Structure formats: structure tokens, C-alpha cells
Amino acid sequence: MVPLTGYLLVGAFLFSAGLYGALARRNAIAILMSIELMLNAANINLVAFWRYGEAQADLAGQVFAVLIIALAAAEAAVGLALIIAVYRERKTVNVDELDLLAG
Amino acid sequence: MLSQYAFILIMSSIALILPVAAILMGHMLGPRRPDAVKNAVYESGVETIGDTWVQFRAQYYLIGLVFVVFDVEAIFLFPIAVAYEQLSMFAVFAAIFFVLLLVVGLLYDWRKGALEWQ
Amino acid sequence: MPFPLPPLPTIGQLVFTGIALFTCASALGVVLARNLFHGALALVATLFGVAALYVMLEAEFLAVSQVLIYVGAISTLIAFAIMLTRSMMYGKTSPLNRQAGKTGLFAVLIFLALFGFVQSIPWPASAAPVLANESMIAALGEQFVTNYVIAFEVLGLLLLVALVGAVMLARDN
Amino acid sequence: MQGSTWSDGIVGLLTGLGLPEMLALGIAYGIGAFILVNFGMISALLLIWITRKAISRMQDRLGPNRLGPYGLFQTVADAAKLISKEIITPSQSDFLAYNLAPVLSVFGALMLLAVVPFAPGLIGVDLNIGVLFVVALGSIGVMAALMAGWGSNNKYALLAGFRVVAQLLSYEIPMVLSILTVVLLTGTMSFGRIVEAQSLTIGGLNLGIGWFGVMMPAAMLIFFISSLAEAELTPFDLLEAESELIAGFHIEYSGMKFAMFFLAQFVNAWILSALMAILFLGGWQGPGVGLPVIGPILGFGYFFVKAYAVYVLQQWVRGTFPRVRIDQMMYFAWKVLVPAIVGLIVAQAIAQKLPFPDPVIYAIIFVANIAAIWLVATMLQRYIKGESLRTKRSFEPTSLIGTMQEAKEYAMY
């Protein structure tokens, strides 16, 4: 059987990659995709802890994970709609060109 | 359960290899005489003007949006439907309330004309 | 003293290693791809990898919802948004901003810290067999409308708000 | 977990030969999967022949009749032709997306076969989440269409890809929800058990005619209509609209790569008909399937007869109906089918919790279904009236346009 460490390491890798993408990419859509990676990393950990944990019958880990997936859907829907609205105004989705509030 | 998914894994590798093999066979058996006109983008014989990445209308995105919300709804309703026999009345009303919330969303979009193709 | 050979990996471990490498490689593809559409395709691959990990964890309902919602819905939305904002046009400039170097160092440090942390704790190496699967899906459905009913209804409300808000934002007018 | 399956025999044979059980299972699965995949590929040839014959009969033609008996080998010749054609790769196409798209679309179609129950015990793998597995695989087809449209570097292909995705997404919701009615009734998502639930046992004898389609005609109809849209067949084939989009998202594909899209489309259409047979027409259930030896063989026969009958029905619709416009396509999905099926689900959910004996509950569900059909029919009638009024007006002398009040019937839409 695969030890729990394996899953946790995959989760850690996805989280770090997502973090890098969220901070370093210029395109807003790419940033959103990186955030999805981080959410997935959290989900892997939740399910892995559920599977290897004591309270399997409780299913809390799975319920959380499904809720997070649904949440990610709502987040992506609104986030992308925002990006589209911003694009319509400013004709760009590069976040370092969007300095309306920077003054 | 994992042995069931072993079947899925084996079958998916076969289902991937077969079309790849068919395409590679087509590459090997068919002739290969490319030229600039043949490889040009086909637009009914008219010369291509401008970039392929033309501006698309936001309507497509709106459809995707409504789809996402209803997809999420469906994914929650399936396990509830499986458990339906054992549910109490309260639970049933909770589920129906959940459905009605989304119906309100659909009605709102309907009124706002987001479902129309202008 | 003979060098102790590590035990042969089981089939499950081999499959896991394959899936894990695939997932991590495509995750790197997401953040590093110059072409945004390739990035989206890599994201789809990553999400499939994660779904496969869920199957390995015997959470098949979760795996299938992952594919349905993430691959079927969210990735499509992302692809639509890429086309709508003509993000393909930025292919010539660098996809990374000025602080990319510093951020990369930071991310590597975070990963190393997490790596060390995960390795330092003696996690259980194996788990109890999972309860029968059909009843697990039913139990999951029951949990949604009993123990977690508040979260469930709030999620419904959130979806409603997302639907209304996103449609208002994205409409052409 | 479940009773005997097809793999038991092979595994028993192989372990008898002294192989370890793991390896035996792997070999058995390999054989089964290989047969299934090849069944999909080869049946596509037959399906193309059936399609051409059915359509040509409806159009008062003979169809293929030269090669082999009744022209049966025509598709084989076509396949041989396609394989020897040059594969043209358009310049500036995206290598990854362009080449992966045909493979993925075939993959998505063939993998569906893994959960189709052909006969009692003869199902690739009876997943607990079989129903959702099918729906999830549909998203691979969506991705393939997007990749093909984007990868070809062609405006029309991209536009068609977008339209395909819009259509597939719109009709996936009524389809999924119509499957939900069956799941709500049976309390299981495994196809094996859904088919088993459609027996009708009277006096210890399995008549095998307790089909859900009889009790839930509206859900069946909605499933059928959405499956037409998902299979991109004629009332909903505006993605291929030759006059506007040249040929759809696979315009830039040729030779075997085009053949792959073609194959995926036919396999998909057949599996959707098979799904309708499984979910609403009893799958392998039929009179006499309970019999000891002959039962499974009969069941196998019943399943194929039903699946092909639904397939021919699809072709019939395809041969008779005109193509809808894109706004009508959207209208129909979101404003007719989705409200109807959501209403049905709520009605059925309430009915199933009423403290009545089962037959009464079934009767209530049946009445709700009939009401849904009636409602949809009236809504469509109103819509068609408005449409025909609009068409009539567009042919009136121009001098009158603008002077006329908007008609009441039309103003509703």
C-alpha cells in the first residue's frame, strides 16, 4: 500500500507550484488556474487524511472535498466573469498593467 | 473496488493505443506531398485575412456559466438520490430547497435574457 | 555487511508513482507554459491526475465529481475566457512578471519546508479497508442533507449568487 | 462485491494453469478490454452502413448496394480508402492540440463501452458510479472539440468548436437530470442494478417488462432529445452547418485523423441509444431472461435489438426533421427541457415520499410525466406559432413593416 507521505508530497508539490504561478504569472487567467492547483492540493490532503485517519465512517474529508470542488466552480465562474469584464474596460488581462488603484 | 479500476486503466490504455496506431498507420500508408497551398487554412478558397483568434461573444461564456452551476447541482443530487430511501422528511425538504434556489437563479437569468442568443 | 535491498514495489505503488509524476509534471506545465491554452490543457491533465489519486484513495465519487466539475465545467469556462480575452495575443511577451525569480525561490523554499515537515512525522503507512462503496455514496448523500445541511444550503446560496453576479458581470451590454 | 462476472471463468482457467491470481486477473481484463475496444471500432463500420441505408431509404434512394450483399462491405472499402489518404497538416496548427484531439475523442467514446451491460453478468465493469462515469466521459468529448477547433488555426473550426461546446453543455444538463430520475427511483448508480430493477416479477416469474420508459415517458423523451443533441444528429447538427461553418470543428482534418472523429461520432450515437435502452427500455430485460441457460443469450439478443432499434429511431428523426437555429437550440435546452425535468424531479421526489403503496406512487409519477409532456407540447406549439407568424411577416411587402403593431403571440418571446 502507498504510504500517506506519498499523497502529502504530491499535495505539497501542487501547492508550491500553484503558489509560484499565482505570484509570478502576469495573465489573470493563469493566476486563476494556479489558484485551482492550490485548491486541488488542499483537496488531496483532505481525502488522504480521511482515508488514513481514524474516523472513516464520518466521511468528513470527502464532504469537505466535494464542497471545495463546488466552491472552486463558483470561484472560477465569478473570477473569470470579472476578468472578462475588466478586459472589456481595459483591453488587457495582464495584472501588472491593471494599476487603476495604484494612482 | 480497485480491481474494477484496474480494468478501467487497462481499457483506457488500449483505447488510447488503438487510435494512435490507426493514425500512425494512416501516416505510413498515405502519400506525403505537402505544399504551401495544400497546407493553407481552408476558408472556402478565400485567402485568410487576419488572425484566427477573433473576438468571441460573451454569450458562450454565459452558457458555460449556467452549465457550471447546474453541473454542480447535479453532482450533489446524485448521492442524495442514491440515499433517498433512508432520508427523513427534513432532509428531503433541504434537498428540494437546494434545487429551488438554483431554479431561482435560472429564472433570474431567463428574465435578464442571459439565456437568449442575441 | 551486505547492502539491504529495498523491498520490491507493489503494483499499487508503481501505479501511484506514475500518476504522481504525471500530475506533478503537468502542474509544472500549468505554471510555466508560455502559451496559455497549453497551460489550460496541462491543467486538465493535472486534474485528471488528481482524480486518479482519488480513485487510489478509494473515493470514487470524488474522482468522478472532480472530472465532471473541474474538467467538464471549469476547464471549459477557462478555455472560453482565454478566447474571449484574446489572451493568446500575449504569446510574444514573457508570461512572468518582474518578481518571478524571487517568487520561484520562495516557492521552492515552501516546498522544501513542507517536504521536511511531511517527512518528519511518522504517518501511518497503511489504512483500514474502506467501507463498502455503494453504501459510502449513500452515506455521503445522507451527510449532505443531515450533518452538513447548513454548509449544503449555503453552498446552494453561493451558487445562486455566483450565477446572478457572474451573469451581470459577463454580459455584453 | 457483486456476483459472478465474465472475468471469473478466464481467471479460474489461468490460475488453474499455475499463474498467480494478480497476473491472471490482469490478463483476463486485458482480453476483455481488447474485445470491447475492438467491438466498438468494428461496430462503427456496421453503424455507418445502417445509417446510410436508413437515410437513403427515407430519401427514396437505394444507398450502398454494390459491394457485398446489400452493400455491406462499402464501409470497409471506405475505411481502406481513408487509411491510404494523405494526412494533411495545416501550417501553423498547434501540434499538441491538433494531434491529441482525434485520439481523445475516440478515447472518450470507446471508454463508455466499459460500463455498458450487454447481458446478465456481461458488463465490462459494474462501477458503483457507472452513471456519473458516463457523464464524466462526456467532458472528454467537449475538451476534444475545443482542442480540435483551437489547434487547427482556422476561424471556422474554432467557431464550430465553440458552438459544439455550447450545444453539448446545454444538453448535458437535461440529460444528466433525466438520468437522475432513474437513479432516484432505483437508489443506485450502477448500470447492472438499474437493469436488474426493471424486471417485473409476477408469481416468481421474471417477465422482464418493468421498463422505466413506460412509467416515465417524459424523462425518456427528454433523454432521447438530449441524446440527439449530444450525438450531434440532424435537428441539432448546426455545428456542421455546411453553409456557415464549412464542416464543423474537424474541417482541417483529413485521412485517418478525420476518420477518428467520424468513428467517435458513430460510436457515441450508438452508445447513447444503448444507454436509452438500458435506462428506460429495460436493457437486457425481456420475457424469459430468468430462464437458466437460454436466459442470458435471450438477454444479449434483447439488448442489441433495443439498442439498434433506438439507433434507427435516431436516424429516422435525423432523416425527417429540419435543422434548428442556434437560438432555438438554446431556447429549447434551457427554457423547455431544463424546467420540465427539474419540475419532474421535484414531483417525483415528493411522490416517492408519500405514504402510499408503490403502485399508487408509480401512478402519480406516470401522471406527472404525462403532464410534463403536455406542458412541453403546448409551449412548443406557442413557440412554433410565433415563429411561423414571424416568417410570414418577413415575406410581406416592405412598406408595411414598421407600420404594423407587434403581434401578441410573438411578443411573448
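Should a chain be cited, it is by its letter among A, B, C and D, assigned in written order, with residues numbered from 1 in that chain.
In this section, a contact is a pair of C-beta atoms (placed from the backbone, for glycine too) under 8 Å apart; a residue touches a chain by one contact, two chains touch by 3 or more.
What you see is a predicted model; the values in this text were computed from it and never measured.
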Chains in simultaneous contact with subunit A and subunit B: C
B-D or B-C - the one linked by more C-beta pairs in contact: B-D
Inter-chain centre distance, subunit B versus subunit C - centres from mean C-alpha coordinates, in Å: 18
Between subunit D and subunit B, distance of the C-alpha-averaged centres to the nearest whole Å: 14
Chain centre separation in whole Å, for subunit D relative to subunit C (CA means): 29
Length of the line joining the C-alpha centres of subunit A and subunit C, rounded to whole Å: 7
Subunit D, residues touching no fewer than two other chains: 1, 127-128, 132, 158, 162, 165, 169, 172, 187-189
Subunit A: positions in contact with at least two other chains: 66, 69-70, 73-74, 76-77, 80-81, 84
Sequence positions of subunit C contacting 2 or more other chains: 12, 56, 58, 60-61, 65, 68-69, 72-74, 76-77, 80-81, 83-84, 130, 133-134, 137-140, 144, 152, 155, 159, 162-163, 166-167, 170
Topology of the chain contact graph, where touching chains are joined (line, ring, star, complete, other): other
Residue numbers on subunit C that touch subunit D, as the complex places them: 11, 35, 37-38, 41, 44, 60-61, 64-65, 67-68, 71-73, 75-76, 79-80, 83, 132-134, 137-138
Of subunit C, residues touching subunit B in the complex: 12, 15, 55-56, 58, 60-61, 65, 68-69, 72-74, 76-77, 80-81, 83-84, 86, 88-89, 130, 133-134, 137-142, 144-146, 149, 152-153, 155-157, 159-160, 162-164, 166-168, 170-172
Complex contact set, residues of subunit B against subunit A: 58, 61, 65, 68-69, 71-72, 75-76
Of all residues in subunit B, those that touch subunit D in their complex: 1, 3-4, 6-8, 10-12, 14-16, 18-20, 22-23, 25-27, 29-34, 36, 38-44, 48, 52-54, 56, 59-60, 63-64, 66-67, 70-71, 74-75, 77-78, 81-85, 89, 92, 95-96, 99-100, 103, 106, 110, 115-117
Subunit A to subunit B touching residues, read off their complex: 66, 69-70, 73-74, 76-77, 80-81, 84
